[in-house]
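See the structures that follow.
Here come two complexes built around chain A, the first alongside chain B, the second alongside chain C.
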Partner chain A sequence: MENKQTAGYLVSDVHKKIKAAFEAFDYESNNTVDVREIGTIIYSLGCFPTQKDLHDFIAEVEEDHSGYIQLNRFLPAMAKVLLENRFPPIAEDLLLQAFEVLDKEKKGHLEPEELMRYMTQEGEPFTQEEMDEMLTALADPETNYIYYKDLISQLTIDPNI
Partner chain B sequence: MGCGVSVATKTQGNRLETEDLVQTPNRALTMKAAVLIQRWYRRYMARLEMRRRYTWNIFQSIEYAGEQDQLQLSSFFSFMLDNFTQLNGNGPDLISQLLDPVVDPWLDRETCYNFISVPETYTGPRLLFPLSVSDTNALLSAFKEQQTLHARYVLQLLYETKKLLKQMPNIVHLSTSCTKEITICGDLHGRLDDLLLIFYKNGLPSAETPYVFNGDFVDRGKKSIEVVVLLFAYLLLYPDYMHLNRGNHEDHIMNLRYGFTKEVMQKYKTHACEILQLFQDVFSLLPVATVIDGKILIVHGGISDQTDLDFLSSIERHKVKSALRFPRRRFEQLDIDHSCRQVKRIKSTDASLPSSSRSHSKTHRKRRCGLSRQDSGTSVSSSSSSSSSSSSSLCSPQTPSCLSSRPFPSSPSISYAANVLQVPFLDSLSSVPPPSPPQHEKEWKQIVDILWSDPKIQDGCSPNTFRGGGCYFGPDVTRKLLLQHNLQLLIRSHECKQEGYELCHDGKVITIFSASNYYEDGSNRGAYVKLGRELVPRFYQYQVSRTTRRLTLTQRVRAAEGSALRALQEKLFVHRSELMAGFQQYDQSHSGFVSVSEWILVLEAVLTLDLPWRTLRPHLCRVAPDGRVEYESCFEDMGPGIPLPQVTPNLAETLFRYRTDIEIIFNIIDKDHSGLISVEEFRHTWRLFSAHLGVDIDDKAINDLARSIDFNKDGSIDFTEFLEAFRVVHKLEIKDQQPIGTTNKSLCQEKSLLQ
Partner chain C sequence: MTLCRMQSLRLAAVLEDCSNQLDILGHTLRVQISSERGAEAGQERARLAKLRRDCQYISQQVYKLHLQLEERHSFSSMLDVVEEEEQKKMAEDMKREKEKELKQRNDALRRQQEELRQKTQQINVLKQQSRYLKEQVCAQSLEIASRRRTAENYMEMQLQLAQKETIKAEKVLEEQLELLQKQLKEEVRIHEESVKFLQNQQEVLQQQLQQWQQLTIQMLEEKEQQLNSVSCKQTVNWDKLSEMRRKFREMEQIVMEDREEQEKMRQQQEEAEAATKLQAWWRGCMVRRGLGSFKKTDDGKKGKKKKEGKKKKK
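Take a look at the complex of A and B:
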């Protein structure tokens, strides 16, 4: 079991990480960020919340719909999220299964119209802008198909920050 | 955001039932799969956005830090000018000519350019004055095909432009009643592609399509000449429909540092000097502001709380040749070595500074370089490149007694205005004679504020210490000025924005920036704004694409990020000795490790770049399993262009850091553009430069260096080759390098990841 010292070390480390991420969006250096940036901050800390998760979290920390979030409220709430691992990452194989579910005909790829239909009509739908960017990012330049197997490993490699 | 039919299920666990995969997927499963993918993708995009942001931060910080460096150069030139009159054996001093030209009667003569003959073999445009549409069309096609306009026509064009501009007021008033919509463009910085794209999307300048170009046509980009020639040509063609404002880069000192001078010298070897002199005149004759319908004010930088448009209209604008130099003064003959070393000591031990600059800089945007951060508790001596911060110490009462014998310019109680005016030029000198007459200063300040200021979020007006001129102006300053002159909107440029434009001060200030991909491919869009009679701004964005295949956001971010990180690594490398000294302060036992917080403290103190160091750390150095930073790993990936035997670290670093500045000086000395300067000139320049910097480097070290590199050719030095040795190279590139003597330059040129 962790003793108090290690636990304390762990928590302060977490606090530092949260502060660093927060500061990147704190343009006026007054410990405040625009609520619209919170999603980016949370994602950058390694979490994978759903949209609903995000809305719930924001409701907890925002002050009276001011449109701004203060560090002193964000920090403890976010620390809890991290220490509880509340929005854990999605395993690669799970992601693969999800794609395979959508690929009903088991083609090994998805066609852009297929993907678009699912992404903009199911679950927590994408906006048109999100959809366009996803297609640009994921579609093979020649065939336009989305070869999801290759993509998953490619796109999950990013620097561990 | 509804998806009518299905019910949003909350993904409790993350498991998909494997049995379901065998059967036809049911509704709920599809839903779960979709949500999973959406979550994953949104997270991926957010991470990308995060990377894009800090990449942006890096570029911007380095850019602003670089602008401080140019103060070094300008003060160096003042110094050289006033203390060493002849650098070359015979003939007028070239530097003096470039920086402070006496009006050359030759250039003002009507027919001077007629003496320049254009060979039969020249296939470029042959302009006929007064210009007609066929001339501008010829220029457009020629430039699209990479042709260069002959020097004779450049000179003639500049001469005609000068004549025209002389008749214009400082503030040009336009009206939308006579014209259709007016298009306003921001910084172009020598990006011909962006200008052509604007013309393509929006139409060429004409009675139906009037334009205002809001300054910064030159520097940084590779086609400054082409851009500015086109703009001037259209100005001559349609003086009523084409309007140009002066920017802070329409300034010959800035041009020395940021590439325009170099471009002219490379493209027009023989006539470069004449051309540059005429550009200097033309730039200083550009109007400084445009007003539309008496309601919309357009200036390049911004305003200050001292801006007075009436006074501004009355001054002689062409007298302010450069924002970076006063009308020239005589400095006392100084004992160079002595005073420079004194100054260096001041910089490193100066503990208390007048509070004004520090407290002001804390209140504005984070992205600015943290000039407010002085040397931390460690006694790391500050590098000379961040000299502007130390310069304020010269005005403080805590003057070391060794300097008290010389008269001091001002007391610290003088308003920030005086600080900004005097201070940037004095970092290497210990005293100045009393300032010039106040009238001169007032005029100079009015123009500098217009060309250099930036808006800030908080109220108030504080000196723009990072730019070295102008101020940060708050929403209250904007409100007051607009009210005072019955205006409703301020349009300015001067700052790069990701979307090409940005609104602030409650919509009363628009920043418009027209050079897309400014920092790097994909870094930002360009934009222009159109105003019709109802004076409601409409924005148009674009982005020049250099590849035929459209890059994904991922690829663009990766490329930009790679570029930014490499630039940052170079910064670390050229400050290596100071950084190491700082690290060792915290690592007395020489273990090679410091904590992350200590690492950050040292970086902030030495580099004065306001960046999210903790976030960037994984890209810059290694950590041990216990989380401590192995600080020497910061420098591992970088190295000199070629192996440098027997070079003291001090000398090497200075050369790395000031490579660009030294290159400029060499280019100026090298009058015939042969690439060679004499050994004596080389030594002389070097002595001056190191004296100015207060760096203790003696002749022997320089001579030894010259010998060991072995670039002497018949008593001349190939300075290009010399400087190549001090181009910081990323070690991965070294493997592919060809041996010295072949085309090193082209290999080292391309810095981005995408070749």
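Take a look at the complex of A and C:
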């Protein structure tokens, strides 16, 4: 019983959160957002989907490749995603593992050139802007190296958000 | 042999002086002889006596010569005396020679006599020895004769004994000979039989041998054919084997390459996943922190309030 109540409470709470996030990008207040904003909305809801995940999700909720997403379709799909915790925040140890994979020589840090190469050429490549932001935020001001072990603990976000 | 008167007178004077001198010498000698005494003086006395006699003789002859010279003025008497003396001397020399010879002969004769005596002694010794030897020969011949007789007797007895034994042995040998002849006949018969038997056997065996040789030849041929086919197969198999090996090496290389490629792919995959993860994470971070383009949008739109509200909720 309690679980059900908690679940019911959670569902209404989650609906509220999704609605709030959606409305922030519904510039014309017609319960519609541009497809390109969906990623930002989902990220702002504390999810960490990959570009592929995003594409799949958009394919699920978009209507006839119109380029817009209706709230009435987005809301249940997104609620399901959140409840299922489909795009969970990436845990510290997994992030650490990912950095270690890229740090081939196990130096304990990455050089900006290395990071740039991986981020712009592998996986789902960054734009120049994203790359610049990342280097500005993560690189050590003196050596310009990225000491990822220290950074992770500072940057990981509480999954409860 | 006559001289003139003067010469004979001078000579007579000299001779008279000589006879006087000789008389003196004779007297001196007579005194010396009488004065000589002792045992050792014998020889000396004889020598002196002879000198005195010689002096007397010379004085006689000088007297004669003196008379002759005075009477007839010749010296032939002296020549006669000298000749007479020479003859005497010659006769004495002859006599001395003969005496010497005689003495030598006597010495030789004595030596011969001595030798003769020694030889006769030797002969006597030899005679004694020969007598002793003759006796010994006689004794030995006697002994030999007796021994020979004994030996002859013994030999005769031995001969008789041997003859008897020989006769016995001959009999035994004859019996044996008969037996052996019988045995020989038997042996000959057996031998013939066995020869026949063995000949038969040999024929049979030779037939078998021929059969076996034929069989062996056949088998050899078969085996050789088998060997040939086997070696052909072996070569083929060797070829196959080397081909297989070559293929195996190729395959191995391909597998190695494939593995390396897979490893590479895996690493790439890993890297891509890691990169994707980081990219997703960072995009989330950017949105939530309002970095980059999100800042701008936030600035211009009403969503800013909502976001801030959210952050406050944190």
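One rule holds in what follows: the second predicted complex is superposed on the first by the 150 of 161 C-alpha atoms of A that agree within 3 Å, B and C clash if a C-alpha of one lies under 4 Å from a C-alpha of the other, contacts with A are read in each partner's own complex, and residues count from 1 in each chain.
Criterion: a residue touches a chain if its C-beta (ideal position, glycine included) is under 8 Å from a C-beta of that chain, and two chains touch if they have at least 3 such contacts.
The structure displayed is predicted, hence computed values, not measured ones.
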item: Side-by-side fit of chain B and chain C on chain A, or clash; value: clash
item: Partner chain(s) touched by A:71 [first = chain B, second = chain C, both, neither]; value: neither
item: Touched partner set for A:129, first chain B, second chain C, both or neither; value: second
item: Which of chain B and chain C A:151 touches, first, second, both or neither; value: neither
item: First, second, both or neither for A:88, with chain B first and chain C second; value: first
item: Chain B versus chain C as contact partner of A:97, first or second or both or neither; value: both
item: When both partners are placed on the shared chain, which of chain B and chain C touches more of chain A; value: B
item: Touched partner set for A:14, first chain B, second chain C, both or neither; value: neither
item: Which of chain B and chain C A:38 touches, first, second, both or neither; value: neither
item: Residues on chain A lying within both footprints (that of chain B and that of chain C); value: 20-21, 23-25, 27, 39-40, 43-44, 47-51, 90, 94-95, 97-99, 101-102, 118-119, 122-126, 130, 133-134, 137, 155, 158, 161
item: Residues on chain A engaged by chain B in the complex (per definition of touch); value: 13, 16-17, 20-21, 23-29, 39-40, 42-44, 47-52, 88, 90-91, 94-95, 97-102, 104, 118-119, 121-126, 130, 133-134, 136-137, 141, 155-156, 158-161
item: Of all residues in chain A, those that touch chain C in their complex; value: 20-21, 23-25, 27, 39-40, 43-44, 46-51, 53, 89-90, 94-95, 97-99, 101-102, 118-119, 122-126, 129-130, 133-134, 137, 155, 157-158, 161
item: Touching residues on chain B, where the partner in the complex is chain A; value: 1, 3, 6, 8, 10-11, 14-16, 18, 20-21, 24-25, 29-47, 49-51, 53-54, 57, 362-363, 365-367, 457-458, 549-550, 552-554, 596, 612, 614-615, 618-619, 627
item: In the complex with chain A, residue positions of chain C that touch it; value: 268, 270-288, 291-294, 301-303, 306-307, 310, 313-314
